[in-house]
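We just call them A, B, C and D in the order they show up, numbering each chain from 1.
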Amino acid sequence: MRIVVQQEPFKPGAEMDAFAEGAAGSGAVVTFTGIVRDMPGGGLQAMQIEHYPGMTERSIAEIAGQARERWSLADVLVIHRHGSLRPGEQIMMVATAAPHRKDAFEAAEFLMDYLKSRAPFWKKEVTADGADWVAARDEDEDALSRW
Amino acid sequence: MRIVVQQEPFKPGAEMDAFAEGAAGSGAVVTFTGIVRDMPGGGLQAMQIEHYPGMTERSIAEIAGQARERWSLADVLVIHRHGSLRPGEQIMMVATAAPHRKDAFEAAEFLMDYLKSRAPFWKKEVTADGADWVAARDEDEDALSRW
Amino acid sequence: MDVLYFAWVRERIGLPRETVETNAATVADLVDELRAREPRYAAAFAETDALRVALDQELSDFDAPLSGVREVAFFPPMTGG
Amino acid sequence: MDVLYFAWVRERIGLPRETVETNAATVADLVDELRAREPRYAAAFAETDALRVALDQELSDFDAPLSGVREVAFFPPMTGG
């Protein structure tokens, strides 16, 4: 299990290859990569991501531990950036390796649902008109109820 | 949309990076990579994959087209190998890009469920004791009923 | 009509494809004709529940009519992915 | 006790963390004390429904007791991923 919280960019393809290599014999590897989207109509200058150092790592480790208890997983990787990101940059990545595809898929979705609403990150969108905190979506909170 | 059926190995990380690059502005990229697993206890010498040239490409294109109708997707990639593969080699890869993670995840799972049971591929496991065709699993057929 | 065999169907019959002259109305009729040919065909088509059929590269079923069809393929359930 | 603020809570209060001397029994009591301090605190804590609280870096709730707690953090609902 590897959990990385960093400001620096990362290389999703290289991370995925290294992860799959380490989980050799797994059969199924699922990845999710989140990328900064521009706003409808454009104009996003930056996405600023604030986090709670200490609690961030701790809460992700707890979420990943829950995933490993719940599904048969060979390995889990979570990378999440903070700081100021531009449209097109990677925000975060989750990877799961498992003997069977169902476990790899479900665990990756579970991790994403929890990262969205339970890990202490906050996003702020910066445009020429100013900066606004991204509001939590009811949909993201509701997504947790399926687990 | 890109569909590749080939005997040659492919590089999952590089494919993922190129796919994500092409789907810039998507927000969410999900990949599934299937890897040849050794048998419990070891001893798998090769996994031989036979397919039905022509129908393979056609059925995958149809499945991918259905996914694009059903979910809001920016792009879809399917790579599937045939021929003789060794344990640890990549068998196949699916990637989906979408504005939202739910679409990317569901479409990737849908594509995998259909590729497992509806694309004309057949696997044979070769060990020192001989070679056996892999039997279709009821579980894989049942997985289709959720779509 | 081109008839194709894959996986263990191909192995039991001993060839990957052949051209068949037939007036069979449906896939099931064609299977009956093939079964009657030789034991290796009878063995391959022993349990059609365990088989799938594609007509002109589209999955179909054993009741389907063959009129206009140019390529019939028989194979076990797929195991891709 | 260390009190931390994140996102718009931090912006409204104007600082990321401070040390607070308090005998508040629960998180809600602490919030009442903070609200009474200055308008910027009252503004930050206007709607506690829109806030989350963590005690020693574990998500908790406003009814939770503060005894033994060393670090309290207030922030809006998370928007990671």
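One rule holds for everything that comes next: contacts are C-beta pairs under 8 Å (C-beta built on N, C-alpha and C of every residue); 3 or more make two chains touch, one makes a residue touch a chain.
Computed from a predicted model, the values in this text were never measured in an experiment.
S.K.: Which chains sit in contact with both members of the pair chain A and chain D?
M.R.: none
S.K.: Along the graph of touching chains, what's the shortest path length in steps from chain A to chain C?
M.R.: The fewest steps needed to get from chain A to chain C is 2.
S.K.: Give me the C-alpha superposition rotation for chain C onto chain D, in degrees, nearest 5.
M.R.: Between chain C and chain D the superposing rotation measures out at 180 degrees.
S.K.: Could you tell me the distance, in whole angstrom, between the mean C-alpha positions of chain B and chain D?
M.R.: 48
S.K.: Rounded to a whole Å, what is the gap between the Cα centroids of chain A and chain B?
M.R.: Distance between chain centres: 23 Å.
S.K.: What is the distance in Å between the mean C-alpha positions of chain C and chain D?
M.R.: Inter-chain centre distance comes to 71 Å.
S.K.: Where in chain D do residues touch two or more of the other chains?
M.R.: Correct list: 81.
S.K.: Would you give the residues of chain B that are in contact with at least 2 other chains, written as numbers and ranges?
M.R.: Those would be 34, 101, 112.
S.K.: Just spell out which pairs of chains touch, all of them.
M.R.: Per the contact definition above, the touching pairs are A-B, A-D, B-C.
S.K.: For the complex, give me every residue of chain A touching chain B.
M.R.: So the residues of chain A in touch with chain B come to 11-17, 20, 24-35, 37-38, 87-88, 99, 101-102, 104-105, 108-109, 112, 143.
S.K.: Contact residues on chain C for chain B in the complex?
M.R.: Within the complex, chain C touches chain B at residues 4, 6-8, 10, 54, 57-59, 73, 75-81.
S.K.: For the complex, give me every residue of chain A touching chain D.
M.R.: Going by the criterion above, the answer is residues 34, 49-52, 54-55, 58-59, 80, 91-92, 112, 115-124, 133-136, 140-141.
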